[in-house]
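Take a look at the structure set out below.
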Amino acid sequence: MSEKKTPQLDELEKGQWPSFVTEIRKAAAKNPAAEDLLGLLERSYEEKKGHWKHGGIVGVKGYGGGVIGRYTDLPEEYPNLAEFHTIRLNQPSGWFYTTKSLRTICDIWEKYGSGLTNLHGSTGDIILLGTTTENIQPAFDEFSDAGFDLGGSGSDLRTPSCCVGPARCEHACYDTLDACHNITNEFQDELHRPMWPYKFKIKFSGCANDCTASIARSDCSIIGTWRDTLRIDQDAVKAYVQEGLDIQGAVCDKCPTRALKFDYKKNELNVIAEECTRCMHCINVMPKAIRPGQEKGATILLGGKSTIVQSAFMAWVIVPFMKMEDDYEELKDLLRRIWEWWDENGKTRERIGETIYRLGMGKFLREVGLPPVPQMVFRPRANPYVFWQQDEINK
Amino acid sequence: MSEKKTPQLDELEKGQWPSFVTEIRKAAAKNPAAEDLLGLLERSYEEKKGHWKHGGIVGVKGYGGGVIGRYTDLPEEYPNLAEFHTIRLNQPSGWFYTTKSLRTICDIWEKYGSGLTNLHGSTGDIILLGTTTENIQPAFDEFSDAGFDLGGSGSDLRTPSCCVGPARCEHACYDTLDACHNITNEFQDELHRPMWPYKFKIKFSGCANDCTASIARSDCSIIGTWRDTLRIDQDAVKAYVQEGLDIQGAVCDKCPTRALKFDYKKNELNVIAEECTRCMHCINVMPKAIRPGQEKGATILLGGKSTIVQSAFMAWVIVPFMKMEDDYEELKDLLRRIWEWWDENGKTRERIGETIYRLGMGKFLREVGLPPVPQMVFRPRANPYVFWQQDEINK
Amino acid sequence: MPRIDAGPPHYKEMLPPIILENYGKWRYHVIPRPGVLKHVAENGAELYSVRAGSPRLVSIDFIRDMCALADEYCDGFLRFTSRNNIEFLVSDAGKVEPLISALEAKGIPVGGTGNSLSNIVHTQGWVHCHTPATDASGIVKAVMDDLHEYFTDMKLPAKLKVAMACCLNMCGAAHCSDIAMVGVHRTPPRVNDEKVQKGTEIPSLVASCPTGAIRPNPKTKSVVVNEEKCMYCGNCYTMSPGMEIADPKNDGVAILIGGKTSNARTAPSFSRMVIPFLPNNPPRWPEVTEAVRHIVEVYASNARQGERLGEWVERIGWEKFFILTGIEFTDKHIDDYIFSRETFRTSAAFKF
Amino acid sequence: MPRIDAGPPHYKEMLPPIILENYGKWRYHVIPRPGVLKHVAENGAELYSVRAGSPRLVSIDFIRDMCALADEYCDGFLRFTSRNNIEFLVSDAGKVEPLISALEAKGIPVGGTGNSLSNIVHTQGWVHCHTPATDASGIVKAVMDDLHEYFTDMKLPAKLKVAMACCLNMCGAAHCSDIAMVGVHRTPPRVNDEKVQKGTEIPSLVASCPTGAIRPNPKTKSVVVNEEKCMYCGNCYTMSPGMEIADPKNDGVAILIGGKTSNARTAPSFSRMVIPFLPNNPPRWPEVTEAVRHIVEVYASNARQGERLGEWVERIGWEKFFILTGIEFTDKHIDDYIFSRETFRTSAAFKF
Amino acid sequence: MEKGPASPEIKEKVLAYLATVEKAKSKEIAAAIGEKKADVDLAVKELAFEDKVEYLYITTTFVALKGKVGAPQ
């Protein structure tokens, strides 16, 4: 097939880390678009610039998102990239697969696309890179028959994702996989039909280790925690001492609130329950001996996003503790109220965090009906610029 | 004299703390304006509101500040308060007085004013509360003859002030009294003839204890420090041990950088020189044993101010270390460059800190000619929004 | 012809001999008793500074009284501190106790050193300013009466610096004090068109509002206020007497805590609002004095030795502070101004 | 007729029997060797997860290869991690080593667990996006080749999370990563009036500029850019293809460090810029790989055990970081955007 | 630093300009008459001594012809 030289890309087939160039080359062996991609990319490497035009409007019937239109600005030279759209498939909770399901995806993508994928996209989707406008609908139809559906794009709910949670992790404080699946299915309309000021992302992490980086990467971050006291197994503590773990140095001294007291004589570790902030550190170091408490649930945080344009925001606490039960009705109800408020108040291309920053947390809490609690802030305001409500002043 | 009842103010003559009401009453015994003030204040206590009009224009010939015009909004009822201006006299460095000089002030103020004062105003001036427009010039003339001069007000350099420093404090890293006096005299024009966008305050503290709260209260905060290593007298350390001081707990464990190592066996205290941030804590606890280093000077910080309107700013480091010698030429030169830049770039009623915040520290540093150093920031920027200069990019 | 720009008197003229001799040569100090600092020079010379409380707003009679004491006990030398206390500079150890007795006889408290409450830095209030939301001297007197024991004793965990500012201009270091009492408004300015028309530059007035709540009203040649947007800062009143913001029914006092300016141990920090509003109840502001005393007492009985108020709260966490004090947390505690973002809890680790 | 809104496949269909049986009943885990997690359930069941590196941009051939391995060693079950690694879910301890050998034979590295460098979260770059300032996959490949030993070994003080984003939109957690490489522009957009006229809403375009650098130009029915005000964020280009910001001569890569998202020990934190610009030097970006390796090495040899990169820098102070690494500090490191104030050193305590 | 006497021409220009406005900041005067601000500051200083202009503190300090702006009503 290809005779084109790609000296620069060839350099990236060297070295110990598996090479994406090799992957493109594999696809190129079977697919002309993938082959053109090699050429286009080599050209970008020479010119130090991209060769893709601003996205266009492509999609699947009944859906408002899930496909990213993409066209090269050099269609004459790379005709097979004239259209090179991405399809975002909603991954299963926790990115678990049977080989059978993965093979099905490969087969359909071999038929309709370039054979290139990202496993996974940064938001969590199965990213299928490169197809034509014409092929989108038939590809979707087959994926759909095989049990897959589109993910989000545009101003909608983006594909939620979750950590491995109870499927394989001893720390999980709620069922992240079930929650992710349930919420995704509940809000199919919001996911597939963009109607908001901008995108909205949800990520589920089973504990404060936050293995989905949800606090930085999602508008709504749902982080597992517990309300009672962490549980310590003193026999296991003694076993760690035996193994030579420096409990005072590696655990107690690094506890952010100094809530752990180690008794050298008895080889006993105790926690001052009210001081513990459930940061997970001690549990991480001594998983055999320390476990979360029993009254489990999640902290809900809001407003995370990356840098463009008002600066990056990390999500902040809006509900310190919520039980993750009863089909997540409490969470769903809260999400609906938040979206309604945001839809009402947000400017175009304004993330929820930016809207709240602009209008003030007080207004948001009052209008969404959330009780203010000190857990929402690191510290209270430094300025005295309080807004008083009509019913709070003397007429 | 007065027959007017002041039941509310009377309540404030009770209690153990010396009473300002008693003071006004003392003045009222001799001065009708002070007497009217009692009545007006009682009225404010009843009505819960002030009775002073917006300031007016009064002053001393050749001076553009130093007098605050004040008129009551009830001149019919309190005719002696129809004019009740304040004169700000520049205090001597460190607020030191001979009784003779204080008596001179009292005598002149008895003649021309209400007999009421603030020792001192928040900026540091001797505040003479309450005189008439007519009396301002003659009062000034007499104060001037007695060796006193006006302080600042309006959009000028405000009266600089300094801590007690080398006059009585073992910690002083430079001569705060001399610096304050020298700078005040150098910039008499700037102090007395307002010509800037807004006020500009300078405060001198001899060490990082910052006993003038300069970092919060002055646009330019000058804080003593040293470049080499603090000095430890091991005999004195041993004496503290003898006295029962818990050196590990009260000193080492509270050192913010853990730069101090206490050797229990030898009763020796040592410092890791490069780790010490000269916070003063250990010196404060053990002044007999620990002293600042020998290569002394000051850190210059810029931008402090209170809350109105862009939020409070604390001053930040712009020169980590400056020798305070040679008639302070380096400092004077820097101040001139800063003022020139601010005058050029500041909006009306914009403090220097606000101007820099609005236009960016980079622009300020480049244009004032200060080299950027990491000591200027707690941490570098989190966003990637860098401004590149023409000579830094490839054409 | 008066001298012009002659500057302040030279400080050296004001220094007692012991200071002139030992200027820059002090070796260390101790605090032999509350209110007394003993500074020892390299050559062994000893200076006793006796610190006395002052109401700051004083008459010339008071100053003359103090001068009389200074003449008798310290050869005519005294100074004032950056917190408006008076310091008598005694070079004869034997005169310290007699001076203290003389001061106490006059009702002047001695204290404010070491781990004590010092004098309250404060402002003009109804006595002399045009923009106050409350009085300053009155509240200060009431609070200092109430907390007197903490001034004359050194029984606090650390120094306690209290400030009082009568409006949001915050003349003083209220924004960085262990405890700050700040006069606040709670209702928007009422526009007095006539006054605005007279001598107010409308564009400057409009620009002065930090929240953009003021719009020009070409019809009246005055302005209108969007009350929803107003946060009662009073900056427009500073610009124009026609923006009448004082409101006796709604003005009052906010309490902020936990600021400091020293660099010892921890970086200087801003005070944080813990009580958004207490009513103006002259003459003794019982709500304010109680709130301040309560905070001081909870601090005194919970903090570790050497811990400033803010250092204590930051160690235990603000959520814990609200539990310990029982102060109610409301939406008003949450920042919604320019730098709000840094105050939000962007962490899942907190106390319940 | 395809199904609409059926949602993703149910995860339970994808779980191996050992997980279905022990779902929510895991007791603890250990890391027997780099790249292998051993999870032990309450009933003693043991699951071995073998973590393998992936370039993320993979062909269907690659996926099929991995499926073949999963069929052979783990009954057809595998998963991907939140950092795009592949995890083989092995329930038979005896199959762990053979699987690893098989992977290594294919050139697939095993590692990324515990105190190691994991896979680099990254984005599209020149492969598929319209706004990149650099490529993503290429830099990632070059850096992972260079730092390979830190992936396969657990010799770092703590976990090291590296991210790569090809423009300032920062798709990924670059803003909160231990090390982030971010594609940046350095010159203002060149306005292509024709393209702007076609289909761009001028008011939205003007509003999109965070610094107010864009003004409408009624004459051309397009816009003009005040180049002094432009900070090259590229947001205008996202709004309109007429705002051509890509500039091969000046685009490149900035390095930010010290962010984290876990709440363990310290609160989640933003990454901070330490190198404002490195040139785009494809195919292997030597300046970038060297800079990253240098930072990793200085960190590895100076931090305490268990300290994330940012925790280490915050403990020693950023001024010390610049000394230790020898990286030059410039005016570009100092924030001049909305939240700059909180980054200024408002303290006299610092290291020289 | 001795600044020396102010330029008489600049003083005249300042007075002429101030006659046209109620009050002004010295920066505005400098811009209006096209002189360096430092020179205007010096001129204003001398004019103040000559009782021809005065400084007005109205939230920021302005300069005006002496007596042009009265006390508040």
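A, B, C, D and E label the chains in the order they appear, each numbered from 1.
Here, a contact is a pair of C-beta atoms (placed from the backbone, for glycine too) under 8 Å apart; a residue touches a chain by one contact, two chains touch by 3 or more.
A quick note: this is a predicted structure, and the numbers were derived from the prediction, not measured.
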item: Shared interface partners, meaning chains that touch chain A and chain C; value: B, D
item: Chain D reached from chain B - shortest hop count over touching chains; value: 1
item: If a chain touches chain C and chain E alike, it appears here; value: B
item: Chain A on chain B, rotation in degrees - Cα superposition, rounded to nearest 5; value: 180
item: Cα-centroid distance, chain C relative to chain D, in whole angstrom; value: 48
item: Cα-centroid distance, chain B relative to chain C, in whole angstrom; value: 13
item: Approximate Å spacing (C-alpha centroids) for the pair chain D, chain E; value: 60
item: Rounded Å distance, chain B centre to chain E centre (Cα mean); value: 29
item: Residues within chain D bordering two or more other chains; value: 168, 175, 233, 249, 263, 267-268, 270, 337-339, 341-342, 346-349
item: Residues of chain B engaged with two or more neighbouring chains; value: 53-55, 62-63, 189, 208, 210, 215, 223, 256, 279, 307, 311-312, 314, 348-349, 378, 382-384
item: Chain E residues counted as touching two or more neighbouring chains; value: 49, 59, 69, 72
item: For the chain A and chain D complex, residues of the former touching the latter; value: 8-9, 11-12, 14-21, 23-24, 26-27, 34, 37, 41, 44-45, 47-55, 62-63, 70, 84, 86, 89-103, 105-106, 109-110, 115-120, 122, 124, 129-130, 140-141, 144-145, 147-149, 161, 163-164, 166-170, 172, 175, 177, 181, 184-185, 188-189, 192, 208-217, 223, 250, 254-256, 279-281, 284-285, 287-288, 306-312, 314, 348-349, 378
item: Touching residues on chain B, where the partner in the complex is chain A; value: 307, 311-312, 382-384
item: Interfacial residue positions of chain D with respect to chain C in the complex; value: 263, 267-268, 338-339, 341-342, 346-349
item: Residues of chain A touching chain C in the complex; value: 208, 210, 215, 223, 225, 227, 256-257, 274-279, 299, 301, 303, 311, 313-317, 320-321, 357, 359-363, 365-366, 372-388, 392-395
item: Touching residues on chain E, where the partner in the complex is chain B; value: 1, 3, 25-27, 37, 41, 44-45, 48-49, 51, 54-61, 69-72
